[in-house]
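We just call them A, B, C and D in the order they show up, numbering each chain from 1.
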Amino acid sequence: MALDKNGIAQRIAQELRDGWYVNLGIGIPTLVANYIPEGIEVEFQSENGILGMGPFPFEGEEDADLINAGKQTITARKGAVFFDSATSFAMIRGQHVQLTVLGAMEVAQNGDIANWKIPGKMVKGMGGAMDLVASAENIIVAMMHTNRAGESKILKECTLPLTGVGCVKKVVTDLAVLEIKDGKFHLIERAPGVSVEEIIAKTEGDLVVPDHVPEMKL
Amino acid sequence: MALDKNGIAQRIAQELRDGWYVNLGIGIPTLVANYIPEGIEVEFQSENGILGMGPFPFEGEEDADLINAGKQTITARKGAVFFDSATSFAMIRGQHVQLTVLGAMEVAQNGDIANWKIPGKMVKGMGGAMDLVASAENIIVAMMHTNRAGESKILKECTLPLTGVGCVKKVVTDLAVLEIKDGKFHLIERAPGVSVEEIIAKTEGDLVVPDHVPEMKL
Amino acid sequence: MNKVVNNVEEALDGIKDGMTLMLGGFGLCGIPENSIAQLVKMGVKDLTCISNNAGVDDFGLGLLLQGKQIKKMISSYVGENDEFERQMLSGELEVDLIPQGSLAERCRAGGAGIPAFFTPAGYGTEVAEGKEVRIFNGKPHILESALTADYAIVKAWKGDTEGNLVFKATARNFNPMMAMAGKITIAEVEELVPAGELDPNFIHTPGIFVQRIFKGEKFEKRIEQRTVRPKV
Amino acid sequence: MNKVVNNVEEALDGIKDGMTLMLGGFGLCGIPENSIAQLVKMGVKDLTCISNNAGVDDFGLGLLLQGKQIKKMISSYVGENDEFERQMLSGELEVDLIPQGSLAERCRAGGAGIPAFFTPAGYGTEVAEGKEVRIFNGKPHILESALTADYAIVKAWKGDTEGNLVFKATARNFNPMMAMAGKITIAEVEELVPAGELDPNFIHTPGIFVQRIFKGEKFEKRIEQRTVRPKV
């Protein structure tokens, strides 16, 4: 069965390594924080200016001066730090953040990503996404394999305006874990109960499928 | 009579305006702080990382962590701020400092200045001098009119390696106040008792001399 | 070096039609509320506003949009604002979208006397159009230029009479860099203290970057996304 | 995210001949004394040292010069050191002199992922030789590149177990930028406190830039120019 958003987040959380600083984008990526594996310590960076982001505040304890990049009220963990936006993006651009997880509208087999603009519709802006994808050494994209019309979002080439070029190395969708290598998608894992055939059918980009494709362990 | 170092500093202090942030170089410029005119408030920036530099500490109150750009122990005034070297030079390069006073080995009539290196002798380095002269809108050079051999240091062209080009607008020496304009030195004031003839004789660069040259008021 | 002015009217004196303003804040967090209200009152028009976001319909920069006071917005993200959308789609409002990190760094560069720098952000996208590309360490970068403003308006937690500023939590965001980049920088603060009360080791924005400071009358500090968890 | 190591030996483990090191400090103020002593003990050679100054003959980086451990110095000012002068004039020591502001900004750029930037400092001087010149706002600037190091060694006043650092007075100087620019950054601190003891609003160097932290055994904190005034 295809994963829901929490399932995708849970699978991505398995990629976390002890001691990493991690930037989680808005949407599914935010949920990753709920599934940190035991024995693993990571720190969350939010690009508006906090390292050591904690969970949402208890009701009545919200502080308007303490928010994340999604403008949500948050808390600060023990050992947290606040800083300005230039310092925040110095961390990102300077590759001090070990993992960036973000959503996408489209991903292409050359690692291109599109996630900020749909021509003809309202453009909200790229926020920090372009800085993140251009700089991060380790990007995982969290997304649905297809759009609502059932069309693949895992493409030979992006059709939407790009956010970054050649930067995505791993994609976790509701159906599969894919790696991008040598200009192709490589099927690494499939969601529990999802067939290889379904993944092939719903992937427009070139897909390398090994003889055995293990199921995700969640 | 030619001014001594304190006299030069005293004359330069007359150029201070209320509300200015001022960077004083090592040597004669440092002495300017002793002659701030009454009713004028200025703040001293030292490029190693303090704004609001105060006088030397009382004996026994020296703090190894609190020094100026000359590595001298200092104090901090009320309202002072400490910052890192990148921020310090952001202030300088970004022209937030209204006046820079520094010494020179040579000044040329096009505003070039040489004050960091004598070929064949030990080179100590430029420290912050190149940043200061390249960025400051308002530079006053404090120097002796001639070297120990009696040769002019107020030149048509600098002979020593440059610190900056076309940046000096005013020079205060032991003999005179000079402005640099249109590629020439302009004699503005003479030291008390110093003759225009002496200044002309000791100035190698082109010097524009008005009919009346007032004496400095100290 | 007393930078204190009596009120928001004195603080914003001199801002005229057609000027470029920087306004601190991220979302509605750390925005100069009192100054924005005063800009509405002054009715200055044709402003170019450099601000990471554009507020919401009825708060923050949204108030200036309602009054059609803004000619051009330079931002990284402008969602959550219907009037913005309307003016943008109708062509009334010019919009320059900039990656957030480039926006922050361009403001810092403007304040630090660095006219241009290379960054990888935006390479290969429409942001790079018309910009110089150069490879460093095998990776393409684009040349971005400094931003400055006629007036920068920032909001701080505490400030002293010399203009030294301290920010609280994530309300710091763009405020320090914009303070550096304003030809005239105005700071509105929640608490105004005498010089010497702030620890000189822990000042975020040195007073040299601030020309005018005043205590804001009141701060609504509206929350954009109130997210909480239940108490157990 | 515990970054604490037990002692200076563990902290400097991995530093090898021929590596590039950044060392914080201005003059003898804010230098990593314990780490320098350990580098002497380790006897690592052919080092490239990026540091604003080179210490004095018998303290600071002067100790590494005595042992001929340094192949190249990248600094802005290297006076007050006879052994330095001797090695430089004899050609044993390579020296790259950089304007102080450019040095600070090049370290910051290295840490911030900015490969190059334009600055007016040094234009028209020998510092500009071989560098690209470009006019911005009618004024010539030169292109300066980022600096990074295999190890950056900084000295802080207080640090916590997560590597967050706080500096005292003008001992801050180059330490924060160098902390950003090290592939591995080592912090020696006067006081090491548990995470949560430092106010998150007032941390100079966020722990993300620091890989190892330890409490220095003792700090001599030598004063280079003791200037005082008599008590009245």
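Here is the rule we use: a residue touches a chain if its C-beta (ideal position, glycine included) is under 8 Å from a C-beta of that chain, and two chains touch if they have at least 3 such contacts.
Source: prediction; values computed, not measured.
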Chains touching both chain B and chain C, listed by label: D
Label of the chain whose CA centroid is most distant from the centroid of chain C: B
Whole-Å gap separating chain B and chain D, where each centre is the average of the chain's CA atoms: 28
Between chain D and chain C, distance of the C-alpha-averaged centres to the nearest whole Å: 33
Centre-to-centre distance between chain D and chain A (centres being mean Cα positions), rounded to whole Å: 36
Set of chain B residues in contact with two or more other chains: 76, 82-83, 86, 89, 92-93, 135
Residues within chain D bordering two or more other chains: 105, 108, 112-114, 119-120, 167-169, 200-201
Graph class of chain-chain contacts, one of line, ring, star, complete, other: other
Pairwise chain contacts, counting only pairs that touch as defined: A-C, A-D, B-C, B-D, C-D
Residues of chain D that touch chain C when the two form their complex: 105, 109, 112-120, 134, 136-137, 141, 145, 166-169, 199-202
Touching residues on chain A, where the partner in the complex is chain D: 19, 21, 41-43, 45, 51-52, 76, 78-83, 86-87, 89-97, 135
Touching residues on chain B, where the partner in the complex is chain D: 46-50, 55-68, 70-74, 76, 82-86, 88-89, 92-93, 112, 122-131, 134-135, 161-166
Residue ranges of chain D in contact with chain B within the complex: 26-30, 52, 75-79, 85, 88-89, 95, 97, 99-105, 107-108, 119-127, 157, 167-177, 204, 221-231
Touch list for chain C against partner chain B, complex: 1, 108, 110-114, 160-162, 164, 180, 195-196, 200-201, 203, 206-209
